[in-house]
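Two complexes come next, and they have one chain in common, subunit A, joined by subunit B in the first and subunit C in the second.
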Partner chain A sequence: MIAQLVFVGLTTGAIYALIAVSLNLIYGTMRLLNIGHGDMAMVGAYISFWLFTLADVPPYVSFLIAPAVSGLFGLLLYRGMFAGLLRRVQGDAVEGSSLLVFFGISMVVQNSASLLFSGTPRAYRYFDGIVEFGGIAVTESRLVALAVAVVAIGAVLAFLKFSIWGLGVRALIQNRAASAIVGINVDFAFTFASVVGFALAGLAGAVISMYQAVTPFMGGPYTTVGFVVIILGGLGNINGAIIGGLVVGLLETAGIALTGPNFRDLLIYGVFIAVLMLRPQGLFGRKGAH
Partner chain B sequence: MGTKNRKITRRTVLAGAAATGASFAIHRRARAVEPVKIGFTMPKTGYLGVACPVAYQAYELWRDQVNAAGGLKIAGSEPRPIEFISYDDQSEPSKTVQIYQKMITQDKVDLLLSPYGTPFHLALGPVAERHKFPIVGSTSNSTLLRDLGVKYMWAGQQAPDVYAPEMVKFMQSVGIDSASMLTLQLPASLEFKKFLTPELEKAGIRLDANDEYPNSITDMTAMVGSVKAAGSKAVLGLSYPLDSALYVKTAREMKIDVPMQLLFIGPALPFFSQQYTGADLEGLMTIGEWSPSQTAWPKAKPFYDAYMAKWNEKPDYLDSVISYASCEILEQAVAKVGLDHEKLREVISTDTFDTIKGPIKFDGNDNVATKPGLLQVQNGELEIVWPKEIATATFKPKQGWS
Partner chain C sequence: MKAPSWFAGPIGGALVVALLAAFVVPGMAGDYGIEFATTLVLWIALVQSWVILSGYTGYVSLGHAAFVGAGAYVFILTWGAVPFWFGLVAAGFTSGLLALIVGGPCLRVRGPYFVILTLGVAEFVKYAVINIEASLGKFGRLMIGTPEPVDIYRMAVGLAAIAFVMALVARYSRFGVGLRAIRENEVAAEMTGIRVRWLKVGAFGLSALVPGVVGALMICRTGYFEPLQMFSPQLSLTIITMCVAGGSDNPWGPLIGALFLNILSELLWDSAPELYTVILGVVLVFVVLRMPEGIYGTAVKRLARRSRKAVPGETTP
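After this line comes the complex of A and B, so read on.
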C-alpha cells in the first residue's frame, strides 16, 4: 500500500511539475502571472479528446499536435499582446497588469469552450490497461503521464543547461537588465518562453485527458496547484518547480493516507503557508531574487 | 399637379384604410401567438457546470416538442409557443435568488422552471413564497424544503429521509451486512449521509471505512485503500460525477472486489460510459427509479428515443428524467387552469400528473407517488433493481473489473 501511494503520488506530482515548470518559464523570464495556464491544459485536453473521438487519432499523436496548437497560441499572445505590454510596463506593474489580462483570457477561453462543447464532461479510453509490478498496480495512462512528464521536463532542462540559447534564457531569469546589457536576445528568450510554456501546458492537458474527464472548467485547479508549486519551489526556479510538484503530489496521496481525505486542502495550503512564512522566497528561491 | 395630388390622396386613403385593417389583423394575430415566457437558471459555469447539461437538455427537448405540437395548451385560450429566458447562475445559489427575482419582476416571465441542484432549490423556496410564484422542483432532494414550509415549491425527488431507509431495505434484501461510505463534502451528499448512517445502524449493517472528502480531491488511493482493508460488502459512494469517475479509476487499480458498489451521481451520465465500458461499468449502481424499459410507463420509451434523437446521447436516468417530468407537471397544470399562479399552485398541490416516470402526486412539498429506487448497470444498460414493484431486473453482485 505504501509503495502504491508513493508511486501514485509521484505520477500525480510529475504532471504538477510539468505544469509548474511551464508556468515558471513564463513567470521567470517575463514576470507574467499566467492565471489562465490551466486553461491551456484544458485546450490541449479537448484537442486530444476530439482528435481521438472524431478521427481516431491516438493520444500519443496528440502529444505532438496539442503542444503545437497551444504553443502557437502562446506565440500569438506574445506577439499580439505581451511584447507590447513588456515594452510599456516595467517592474512589479508587469505582474499586476498580466494578472488582469490573463484573467480576461481565461474567462474568454473557458466560456468559448463552454459555448462550443457545453459543460458536459467528455472522456475516452486509451492506455487503460492495468500494469502490475513490485506490489503496485496502476493504469497504463499513469505510467504514460509519468514518462511524458519526465521526457518533457528533461528536454527543457537539457535545453536550458546545454544550449547557448538556453543559457541566455537562464541568464534572463536571473537578471533581465544585465542580460540585455551583455547582448542576450531578450525578444528571442521571451518568444521561447511563451511558446514552450504554453506548449507544455497543452501537452499536460493532452496527457491528463487520458484519465480524467474533459470539461471547460478543468483548468482552474491545475492553475491553482501550479501557483502553489512554483511559490513553494521558488518563483522562476525551474528545479524548485520540479521538487515542489512532486511534494504536492505526495501530499495529495501519502499525506491524505496519514491524516484523512478532508485534510487534503489543509495539508497542501498548510505546507504552502509554512514555507512562505519560513522561506518567503520558496524552498529553492534565492533571497532578494527578482 | 393638384389633381395628381388629389388622386394620390384618395389612393392613399384607401391604401391606408387597407393597411390599418391589415395591421389590426396582424396585431391580433401577433397577440394571439405571443410566446409564453418561461424562466430558469442553470449553473453553466462553476462546479456544477459539468453536471447540469442533462437537465437543461431535457428542458429544451420539452420546449421543442411542445412548440412542434402547436404550442403550450392554456386553459381558456389558444396554445402559445414557449420562449425560454435562461441565465447562468455560475453555481452560486445567491445568484439564483437574484436572477429569479429579476425574471419575476423585470423580465415578467409567465412561468418558472426550477434551477439545478439542491442548494439552489432551497435558496429559491422563499423567493417563490414571497412572489407567490409556483415552481415545480426537479433536481433536488432535501428535507429542508419541507422544513421551510413553502407552499409554492415542490420537490421532484424523494428527500433523503425517505430514500435512505429504502436503500437500507435493499441492502438487507441482498444480504449485505457491512458497508464503507465515502462522502463528498457537498450539501446533498452530506445530508444523505446524515439519514443513511442511523438507518444502517438500525438495520445492523456494520459501517467500516467512513471518510469524507473535499470537492478538490484529485486522488482516492488512500481512501479506496482503506475500503479494501475493511473488506466491506458494499461501497456507498455519496459522490458527484467527477469523483465518481475517480473512484472507478482507483477501484480498478486496487481491484476492489465488493458485491455492491454504489455511486450517488455518475454512472447514469453519458460521459461515464465513454470513460468506462464493459466489466468496469457492469454491476455499478446509482440512485434512480426510472428505465425506458419499464412498460408500465408508456411515455418513458418515447422520451428516451426523442432525447437520443435530439442529443445523440442517453438521458441521465435521474436528472434528465425528473427535469422533463417537472415540465410535464407544469404543462398539464397550465392546460387545466391557465397561467394564474394561485390556480396553478392549487392544482399542482392536489392533482395527480401523468409523466414519463409514472404518476406524480404531491403531499405538501413531497412527491408521494414515486418510490425511491436504485439502478444497476447490467449488460451495459441501467436497470431498476429496487423497489421490486417497478424493478426491470434483479440485482447481480459486481464481478470484478477489466
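After this line comes the complex of A and C, so read on.
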C-alpha cells in the first residue's frame, strides 16, 4: 500500500518536476514569470490528442511533435515580444510586465482553443494496460510519463552541466550583468531558455493527455502547481525544482490518501503559503541569495 | 492644510455624477440598461479599490477575489438574521479585517513573490470555504427576497462613488505620497522616515473594504452564493487588466479602463464570449508592451506635449 502510494506520488511528482524545471529555466534566465506555462502544456495535449484521433499517430511520436510546435511558439514569442521587452525594461519591472503579458497570452491561447475545439473534455486510450511488479499496480501511461520526464529532465541537466553553452546558461542564471561582461552570449541563452522551456511544457502536455482528459482550461492547475514547486525549490534553482516537484507529488498523493480528494488543494496552497512566509528563498535557497 | 480644497472639485463632481447616475439613468434605461449599468458600476468600485494598494505602491495583488468572496460569504451567512444594511457593512469590514490579518505577513515579500503569494492566499481561502460548505452539506446557497434591481443599482452607484473618493483622497493626500514613495523606492522611503509597514498594511486593509460590499451586492443580484464563482481568480485578473489598460497611477485611469472593457464586453459577450476574452488578452499584451502607462497616462502625456508645442517660442528656438 505504502509502496503503491510512493510510486504514484513519484510519477505525479516527475511531471510536476518537468513543468517546474521548464518554468524555472524561463524565470531563472530572463526573469519572466510565465503564468501561461500550463497553457503550453494544454497545446501539447491537444496536439497529441488530435494527431492520435485524426491521423492515428501514436503518442510517442507526439512526444517529438508537440515539443517542436510549442518550442517554435516559444521562439516566436521571444523574438517577437520578449527580446524587445528585455532590452527596454530592467529590474523588478520585467517580472511585473511579463506577468501581465503572459496573462494576456494565456487568455488568448485558452480561449482560442475553446473557440476552435469547444470546451468538451476529450480523451483517448493508449498505453492503458496495467503493469504489476513487486506488489505495485500501475497503468502503462503513468510509467511512460515517469520515463519521459526522467529522460527529458536528465537531458536538460546534462546539457547544463557538460556543455559550454549550458555553462553559459548557468552563469546567466547566477548573474546576468557579470555573465554579459565576461562575453557570454546572452541572446543565445535567452533563446535557448525560451525554446527549451516552452518545448518541455508542450512535452509535459503530450504526456499528460494519455491519462487525463484534454480541455482548453486544463493548464491553469499545472501553472499553479508549477509555481508552488519553484517557490518550494527556490525561484531560478533548477535542482530545487526537481526535488520540489517530487515533494509536492508525494505530498499530494499522501494527502489525498489520508484525507480525501477534497483537501488536495487546501493542502497544496497551505504548504505553499507556509513556505513563502517562512522561507521565501525556497527550502534549499540561502538567505539573501536571489 | 491646502489639500482639502484641492479635493473639493473632483469629490463634488463625483457626487453630482453619482446622483445623476442613481436617479436619472433608471428612468431612461430599460431593464437591460440597468443590468449593464450595475455591472459597470460594480467593476468601477472594484478597480478603484484595487489601485489604493496595487496601483500606488506597486504591490500587484492577485487577491482581490478573496475579499469579494469573503464579503459575499459573510453576507449570505448573516442573510435574514441581521438588517440588510448591517449585513453590507459587516461584509465590507470582514474583508477589511481579513486583509489586515493576512497583510502583515504577506507584505513582507515583494515583487513576484507577493503576486504569487496573494494568488495562493486567495485560492487557499476559496478552498477553505468550499471545504467548510461541503462539511456543512451545502453546495451553494439560495437567497430569497433580494432587493429590486434598481435598488441594487443605486447602492452600487453609491459604493462606486465612495470607492472613487477613497482612491482620490488616498492618491493626493500625505498617505498617498507615502504609498507612491514605496513604489519608487521602498528602502529610500523607509530611510526618510515613512512608516512603510503601517502604510502598506493600512492600504491593503482599505483596499479590501469595498470589494467585500461588492461581493454582497453581487450575490444580491443573482440570489445565489457559489464559492467557485465568487472566489474566481479570473475576477482578480480582470481587475488588473482594467487597471493596467487604463493606467493605475490615479483613480482616472482605472475608471477609463473599466469603461472601455465593459463596453467591449457588452458588444462581444453575447455573440462570442471567447472572442471577447481573446481580445481582452490582446489588449492587455498590447498595452503592457506599447503603452506601459495605460490609456489615461499616455493620453495625458500626449496632450501635455502638444500644449507645450502650441506655445510659440517657448522651448525650441
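What to note about this one:
The criterion applied here is as follows: the second predicted complex is superposed on the first by the 286 of 290 C-alpha atoms of A that agree within 3 Å, B and C clash if a C-alpha of one lies under 4 Å from a C-alpha of the other, contacts with A are read in each partner's own complex, and residues count from 1 in each chain.
The rule is simple: a residue touches a chain if its C-beta (ideal position, glycine included) is under 8 Å from a C-beta of that chain, and two chains touch if they have at least 3 such contacts.
What you see is a predicted model, and the numbers here were worked out from it, not measured in a lab.
By the touch criterion defined above, A:104 lies against subunit C but remains apart from subunit B after alignment on the C-alpha atoms of chain A.
By the document's definition of touching, of the two partners only subunit C reaches A:227; subunit B does not.
In the overlay built on the shared chain, the residue A:58 is in contact with neither subunit B nor subunit C. Once the two complexes are laid over each other on the shared chain, residue contacts for A:8 go to subunit B alone; subunit C is not touched.
By the touch criterion defined above, A:123 reaches subunit B but does not reach subunit C. Of the two partner chains placed around the shared chain by superposition, subunit B and subunit C are both touched by A:265. In the superposed pair of complexes, A:114 makes contact with subunit B and with subunit C alike. Judged by the touch definition given at the top, the superposed model places A:253 against subunit B, while subunit C stays out of reach. In the superposition on chain A, A:135 contacts neither subunit B nor subunit C.
Where the contact sets of subunit A with subunit B and with subunit C meet, they give residues 110-111, 114, 262, 265. Residues 33, 81, 84-85, 89, 92, 95-97, 99-101, 103-108, 110-112, 114-115, 224, 227-228, 231, 235, 262-263, 265-266, 269-270, 272-273, 276-277, 280 of subunit A are the ones touching subunit C in the complex. Those residues of subunit A lying in contact with subunit B across their complex are 1, 4-5, 8-9, 12, 110-111, 114, 118-125, 130, 137-139, 211-213, 215-217, 221, 252-254, 256-257, 260-262, 264-265. For subunit B in complex with subunit A, the residues that touch the partner chain are 44-47, 49-54, 185, 211-214, 216-223, 225, 229, 241-242, 245, 249, 252-255, 269-272, 274-277, 401.
Across the complex, subunit C meets subunit A through its residues 58, 60, 105-106, 108-113, 115-117, 119-121, 123-124, 127-128, 130-131, 134, 237, 240-241, 244, 272, 274-275, 277-278, 280-285, 288-289, 292.
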